[in-house]
């Protein structure tokens, strides 16, 4: 319990402290320190859960099981590396006058608050609090996206706010319906919104209501996941916000939203006894993968392109979870992990690249390997990894997803393959041109933060070749929890 | 007395729906804000009646929260906002009003139809209100789609929250308190952020017309 | 390997070396007769070789080693070829070393070297000749192979001695496939040996020559070897044709007495063959170079049709 | 220690060498004079281990890597050992050559190049060893990726980037097809080990699906028509040792995969598969050789020639499948032996040729045939060595290429035993076409050699060309030795190949061959067909030397050097030689419809008359561009979804909601 409190309290307090001193020079160090603290606390929590099994604390309001503890650990880790990356990145942004002290303060404190909301969303047992923290996560990121106050960033943030607000409102309606269904079984006193309780009685929940609830929840949280056709906020927000924020949006927030969908799916599956939830997810997943692939092929802005790539991968995960079963769920979780790692690594590299080119337009970025060789390699390897090139972990999960799909849903495989092929062609043709070739760009004034990039890539590589047994065990338990 | 009260909840529900329609068709921002305030007040009244009927004490608190946020704070904020931004004039809608109304009616039918099986199951004393709540949500959604200015869009958004809140109250006698507080807090913070935003948007574009916000797209 | 085998092998080579220029002389003589010209001596090719061997060789100043080696290689190849083809006897110790396909390979080997040597000097004519030679080669070679295949399919073997042995010992039968093959083979031989209608060995008209263009830069002993090799090639082709389509009269294993008969038979066959060749050459006109592929493609087609006929009719 | 352990150890050693390269990133001398030779030494070890493993029973191992439930399974049997032997033996020569080849300041830093190169080698070996789908895919793509980096090592040039991109794209799409193929093969058991796949009895429909997917997937790597487009771009783009490895060895891994799938993993063969392979192989071979004959870039010429050879390999494999389907195992073994023999000989002569072009490229900086010529005088070493490669590539006796073509033609000649008269009719036509291809290859090779090494230099700077360094020479000689061994000792080479056919078909050709003595190759019986290259060589050499000696003895004639005669034309200069375009002209003219040509003739009134001809591939315009255009059109359509209007976005959300509600309500 102390561990969990620590995990939640560190970023919350950090956010408050940074709200006061976030504009100082040392603020970025504080930011890194707070994130490191969160990471350590999360590590301890993880160790605790691995040793002692699921944890129910604070009057059952918080719940840590294998499924969410792995996401908590991942969130804390990526949160930390992103903080490390944002140190030189944001310093440069400030030096170039894009960030004023006030904005730096906002940025730092909101960064921690954002982490806090995600961690709450992940660890809460209460579907209502889940909703509240998701909404809070939206609010903090809206501020982060618009931090540059340019016309484009305002527009992106506005769209983000409205679209996600509406989406999340639908999720609230879903939650109410869920409550309605649970109310009758559990009674209003017994915490009818607590997931563990719901999970225990899911077989008795009224199927009609649950089906309806799931529609709202899927569409609501799905908006945040970035499923086509309710993905429209995503590329704008990724492209216009500061790059560290793009990294955590892609790497973490989407995961958290998908996590919420998964929790709901478990309940719905239990109530419905049919495969409705899975089928809906398969449909959305497939649509997202295919549409995103084609969107990808016309991009000019590098961050926007990788945002679409995130949509594609979230679609793939949704598809995998929709398929269900131990292997597909395992693959989905694995894909969640590697996608977070690799995609945030890509955004780190992209961040440095765009800073050294002074633009996000891919036509203008050339020959990175010559100016900043390690940034170039990071971007190239990251891109290859995200495109599903072995031996990186993305391939491992795609292998599992595709093979399971081939067995369970053969008609879907051609679409997936088409999409993967188109995505490969579109992304790689551009990244190769950015990385290779001659250039007249100048190196960065500050040494780029390469450790996060290569740490992520290294982990991604490891997961493709060797998944440690305890991690396997953990994934399998988690997969079982979501109906494997 | 009890029966009257139940009927009064139904009456409030009907009023909410009516107000939603009114907002859908309303062109003036100021009137929109008034209608929104009225909707909030109706909601508070309905909540109080339900609380009394079912003897759920926490519903009184949530009624109080609603009163504070939706009837007092947010409308005041909105008033100030439009005063400062000077955007009282008529809003032009993207789809003309009669069509919108027609679609709205279809939506109501659809929502009722959708809620029918649930309403039958519901043990709540006011089971049929769920359909109305859903209809309100959908109508507000429509409103958000059709409005071309930022402020009405936000009002649409808030009105959607009202619908949701009514669903929570009428169908399930309110959510747990923690959640209610959380929701209210979020809505408030959201409003603040929106307010700040609108100033920034106006600063950038000299207008609150969201047609300026169409630069980010695929070409 | 037995002594009679070795003897017949050596005899074959010697006969080929000696008779080859004679065949060339004979064909030239017949041609002259047919064209109402006064014929040169039958022994002219021998005199020519003697003269060339005695002259000094003039080599282009920048010619590489390859240029000087090539005549020997080409000559060696042709000697090899005539050692493999059963002209006099089917008891040849060398015959298992190379079958019909290897024979074609051998010809190709010689062709490649002669072409490379022609390119070595870097003159306009040399490279032009090389190009044309390779053009003819790549069409003639598969055609020749197909001709040999037709025979192989009948006899179930690609070993030349086996083919000839089997064909000679069968009851006389008409093989339609061999008829096609025969025509194809004649056409290929004309092309391969630089005869009219494909090439004219008697001209140095620069735009039409092929073989002459290839050896334009050679002189003295190198030219002699090249000319001799050309004669050997013609001899070898004639022998292939004769052994495939008129396989009678060859000596067999263990009967050295037959060798005595085999030589006159061969001479007789060659005499007739040479005369026919001269007839064909006189009767036809030289083609434009771009008609040559058509000519050879026809030969190729005929050879393939021959094989198909074999399958269709089983004969 | 088992052979497999040794191989793994050696692969590990490669990786260590590569890692050392990273540590010594820019220490050029160390990398080139220590690491690359070390890598070559390891290649040699791999070759020896693999060679001895061919004669042993299969060995398996499981590595603690990979996915949970699907660790890396490895298996070393005769088939994989044979291919590893080819990789090792060719790799040894190429590595030594590379040690002398790579120069400073060209693209990728030497240390990194060393890493990529050795990962490439190791991944090729591991692909062949893999015994489950995941390990196979991982290694397969690692191979593609490492070779991609090698290809783009000189990435400043836009054409090279484009080539690399195309290569990786096609490789990736091919890999997806291979993955699907494995998906079909595992037959819904969820077990992706090859052992499980062998145990499945697929229905003909699914077996055919798997086979076709394999043909597509591996075909993309091998360069089968129409998936060949990347090959003539990528091979020339790469540094020469890499082109040598890619053409000589990497393409063979695709052949390996196809063999593995169609003979080992699939438990049945249908006759029409053989027909498909035959047809594809033939078309590929013809196309390759035709295009190779009209190229003006020396490495492109060789790349197209690789396409041709892949076609021939497929023809052999197709015959094998055909015979196997009709249960004519002895003949299947013969056809497959031809195929495997050609794998080895092509590996040697094609790497030799690529390395030769590498030396030329280094000495002159030119790849364009139009600016080369006469190099035999300046780089005699390279010239003579390349000549061997050219002869072997042209399929001339007594070199390696001839033996395989000989075996292939032999297997055609035995086809009439097929029970289907239609096939019996078809086969001779195919045989004729194969013969045509072989002959055309000769044309292309003469052009290649003649234009580069013979004649007069077309540029003055060529006179400064230097011959290859000693390390390069060792590498070249090693490959020449390979060509000679393959050409001269077919009986001994068939010995290991026989183990492979024994594994795949159950027939060992070596048993029949061995009977006739160590120098006489007679696949059926001596009466039917035989070939003794050693005798052939000895007699040929004897008659050659006899002629030399006789001429020397009898006529000690003088030799005089003079200006070329050239029919008496006085102004002969280098520009009057036939160019590469000119040499290819008959082919262009004859096979006109197969080329997409753009010829610009000068008019009589031109001040500076120029003539240019460009030959393009129809397939690019028929298949690839339409696909690209269709994708673009769809993307444009999809892009319309994102118009930037928030109301429209809300509308999507709204409509989706309503639609889903309707669905659920139904």
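Letters A, B, C and D mark the chains as written, and numbering starts fresh at 1 in each.
By definition in this document, a contact is a pair of C-beta atoms (placed from the backbone, for glycine too) under 8 Å apart; a residue touches a chain by one contact, two chains touch by 3 or more.
What you see is a predicted model; the values in this text were computed from it and never measured.
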Chains in contact with chain B and with chain D: which ones?
A
Point out which chain occupies the most central position, where each centre is the mean of Cα atoms.
D
Work out the mean Cα position per chain and let me know which chain is farthest from chain D.
B
Quick check: which two chains are joined by the most contacting C-beta pairs?
C-D
If you average the CA atoms of chain B and of chain C, how far apart do the two points sit, in angstrom?
101
Roughly how far is chain A from chain C, centre to centre by C-alpha average, rounded to an integer in Å?
78
Using Cα averages as centroids, what's the distance between chain C and chain D in whole Å?
35
So the centre of each chain is just the mean of its C-alpha atoms; given that, what is the distance between chain A and chain B in Å?
31
Listing for chain B: what residues touch at least two other chains?
114, 141, 144, 153, 210, 213-216, 218-219
If I count partner chains per residue in chain D, which residues reach a count of at least 2?
639, 641-642, 646, 650, 653, 657, 661
So chain C residues touching two or more other chains come to none
Chains touch one another in the pairs A-B, A-D, B-D, C-D
Partner chain D, residues of chain A touching it in the complex
158-159, 162-163, 166-167, 170, 211-212, 214-216, 218-219, 223, 228-230, 232-233, 235, 276, 280, 291, 294-295, 297-298, 327, 330, 369, 384, 387, 389-391, 395-396, 399-400, 402-403, 406-407, 413, 417, 420-422, 424-425, 428-429, 432-433, 436-438, 464-467, 469, 472, 475-476
Quick check on the complex: what are the chain C residues that touch chain D?
53-66, 72-73, 75-77, 79-80, 83, 94, 96-99, 101-102, 105-106, 108-109, 111-112, 115-116, 119-128, 130-132, 134-135, 137-139, 141-142, 145-146, 149, 152-153, 156-159, 162, 204, 206, 216-217, 220-221, 225, 290, 293, 300, 303-304, 307-308, 310-312
Residue set of chain A touching chain B in the complex reads 61, 126, 128-129, 131-133, 135-136, 139, 142-143, 146, 149-152, 154-159, 161-162, 165-166, 169, 172-173, 175-177, 179-180, 183-184, 188, 191-193, 206, 208-209, 212, 235-236, 239-240, 295, 298
Enumerate the contact residues on chain D facing chain C in the complex.
373-374, 376-377, 380, 383, 387, 391, 394-397, 402, 405-406, 409-410, 413, 416, 421, 424-425, 428-429, 431-432, 435-436, 438-440, 442-443, 445-447, 449-451, 454-456, 520, 522, 526-532, 535-536, 539-541, 543-544, 546-548, 551, 554-555, 557-567, 569, 572, 574, 576-578, 582-583, 585-587, 589-590
Could you list, by residue number, the parts of chain D that touch chain B in their complex?
639-647, 650-651, 653-654, 657-658, 661, 665
